[in-house]
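Okay, so subunit A shows up in both of these, paired with subunit B first and subunit C after.
Moving on to the complex of A and B:
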């Protein structure tokens, strides 16, 4: 979230457990997100930013995807699908990734939630992360904000 | 009929209280009523007397008078505190001799009874209690029958539950810490299982009993009836079964046996209420606490909020290019820019165009999709000029082109499209279909496949109304295109204006207009929003003119902050 936003309660970041999908290639985490923000302005509306990692049988972790989505600006219950991507390496790297895993990662995570330098990236589409968010807004109408 | 006054509802009631439970007092009144089948009773009396003679012959006289002739004397009232022990005749008889006492509790009761005797005997005759420590309370729960089956045996689960529900008086306060240090217990102990496998809030139970035996023959187990059961857990939840008799009539108990005697009883909450002064003080303390917390929170945030200039509409869009699907080639990227029509402005530092990363597509369902999740935030101001009042206001448009990168790092045009930013605030997921220009013949397709390059639009605004267009009829005759995929956008729109603030009734009216026009085209609703906005603006200008000058200056300076 931007500078005008202040965290009142809740955790800014968290990590889920490692889930072993049994059916349908879907991992269920049921990870709670509970944050309370106060703001002085509209700029820098909070964003959710996710990194999906994969842990293999040897306990090694590799990156499976980066994703982000805006927290919905309208109050109510929202089901969000956050699509993810991961950086693509050269063909040698892709080959080694196929057999031994690994692969390139972003040096800084800014690229996930800012768009400025994205054009440098070569990525490939990965899975989607599902969110269920219930958003409550207060006092926005007092400042003439329609959301 | 007296029958109508009976309270038939013997269901329990649940109360919550934050006050200490030791303040709970229950007033119980019990009274024998003249049975409606009095005649029948008297008729039967002769037949049942021989049986009773075995039990005690001496009490025959008073018993007769009690049951039939002066029933008003047969009443008793008691005020019982939480876990207050009132002994029954049976218990007095039992615990009086020391030899019957086995457990420490029994011995304690023995002492109590002796003390009572010294003080002049107990006051209660028929009403007595079983507290949480008594054997009765445990047994009662364990042996409770659920069905009418004579051979009902408690199931394995019921037995285990009976063990589990051993009352734990004190909660271990360290539970939270244990959870934090170890998430999983690989070898759960017996005690751990007991404590955790059921939702087990420790309950304390108390039974208020009535000894409804014949006068002078008190203390027979078979005449003991449960008048009321009170359960209290550590969270202050009080379960009373049956409920206190308030405005409803008393409960009745009909004895089994040949005489069918009727008893009625009432239960009242006789707890001392808090004094008014004390209650007020408590509320003041709470109010103080809440206001302090509020102050603390508002101190963290501050009270000022950025406002728009008066008369301007601020449109704030948190957008995201989610994905592109259905395109012929892989390695897609999207180039987009925002077109601001006249009367619109934006902060100079804000980029109005962007390029996403190149994304290799994958098969998802039927289509090939490329995921971008590319964020952009757009902030725009709409400040209408007065001479444009009559004309149709324009809304910002997002133009984009989808391009694909080939093996030699040359790009192909995959599609052109545009999205008009939504005129209604809120979250929108839009899917914009695209097309690309084609040339007739296979040569251009071969060229596109092998060496890249394909016809492109010189001006991307051609996808909508070209920016250079001035005529009164837009014709695209002779232009050929091919349908390609679609791009998904997710846009969260926020609108801010002092006009919205000015009157909420206007806002409601606008909402209803929008609702009615829900099925119409976006243009229609857009026009309505702007119309409502204009109307509000005009009204505000009128209001401003009627205001004294100095007030306007202060409001203007506040707005520009």
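Moving on to the complex of A and C:
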């Protein structure tokens, strides 16, 4: 979130459990999100930023996807689908990734939610992360803000 | 926000969102550019008005969508809703010889109503009207493109352009407005919000 936004309570970040799905191709994390923000301005509306990691049979973790999505601006219940991607290396790296796993990662996570330096990346589509969010707003219309 | 207590003369439009993904069945390794086109009474106050995304590839294993997940964050102010901002997207990718070729143009108005919106843009490229030009562009690898992508947001000159549509781009918007109601503008008719685009999304599910 931007500079005008202040976290009053709740966890700004967290890590889910590792799910080993037995039924289908969906991992269910059931991770609770509960945050309370206060703001003085509209700029920098909060974003959700996710990194998906995969743990293989040897206990090694590898990156499966980065993604972000904005917290909906209208109050109420929202189901969001956050698309994710991962950086793509050179063909040698892709070949070694095919056999031994791993793969390139971003050094700074700023690239995930800012657009300025993205053009230097080459990426590949990965899965989607599903969110269920309920948004409550207070006193926005007193300042003429229509959400 | 402190200035809201006196009577306002301008209203603000905050647009945040992302260029989420695209479907181009024939192409891969694409990047996109976006820019905003707006009327003379409008002025951006913060955020990036244009941007270039990363180059993205399809996933070989699963779905055949391209994912950009590219952020859009911009705030406009205006005194007049005429010339409401439109976002213009242009998609580029390499051809067989590695030259960057345009793969689609598209434009849509930023949603009027506050809240979260999803828009699916059909993407098209201009086509040569004569057989000879088609042949020479096939031989030289130089395909027709618009010198200024902003023309796709305008209504003039459409009668002389011939295009082919070859993909879709999905955008999501979060729109917040400030002082629209105080200035007497009414934008709330939720039943009209996205009905005009349902026919477009129908076509998308066919492939």
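Criterion: the second predicted complex is superposed on the first by the 147 of 147 C-alpha atoms of A that agree within 3 Å, B and C clash if a C-alpha of one lies under 4 Å from a C-alpha of the other, contacts with A are read in each partner's own complex, and residues count from 1 in each chain.
The rule we apply is simple: a residue touches a chain if its C-beta (ideal position, glycine included) is under 8 Å from a C-beta of that chain, and two chains touch if they have at least 3 such contacts.
A quick note: this is a predicted structure, and the numbers were derived from the prediction, not measured.
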Room on subunit A for both subunit B and subunit C (clash or fit): clash
Contacts of A:56 with subunit B and subunit C, given as first, second, both or neither: neither
First, second, both or neither for A:110, with subunit B first and subunit C second: neither
Which of subunit B and subunit C A:19 touches, first, second, both or neither: neither
First (subunit B), second (subunit C), both or neither touched by A:38: first
First, second, both or neither for A:6, with subunit B first and subunit C second: first
Superposition clash, subunit B versus subunit C, among 40-48, 58-66, 148-156 or 382-390: 382-390
Subunit B and subunit C contact sites that coincide on subunit A, given as residue numbers: 40-43, 45, 47, 66-70, 72-74, 78, 82-85, 88, 112-116, 118-126, 143-147
Contact footprint of subunit A on subunit C as seen in their complex: 1, 4, 8, 12, 14, 16-18, 20-21, 29, 31, 46-48, 51-59, 62-63, 65-73, 75, 114-116, 172, 174-182, 187
Parts of subunit A lying in touch with subunit C, wherever the complex brings them together: 40-43, 45, 47, 66-74, 78, 82-85, 88, 112-116, 118-127, 143-147
Subunit B-facing residues of subunit A, complex: 4, 6, 8, 38-45, 47, 66-70, 72-74, 78, 81-85, 88, 112-116, 118-126, 128, 141-147
Touch list for subunit B against partner subunit A, complex: 297, 300-302, 304-308, 314, 316, 318-320, 322-323, 331, 333, 351, 354-362, 364, 369-377, 379, 425-427, 490, 492-501, 504, 507
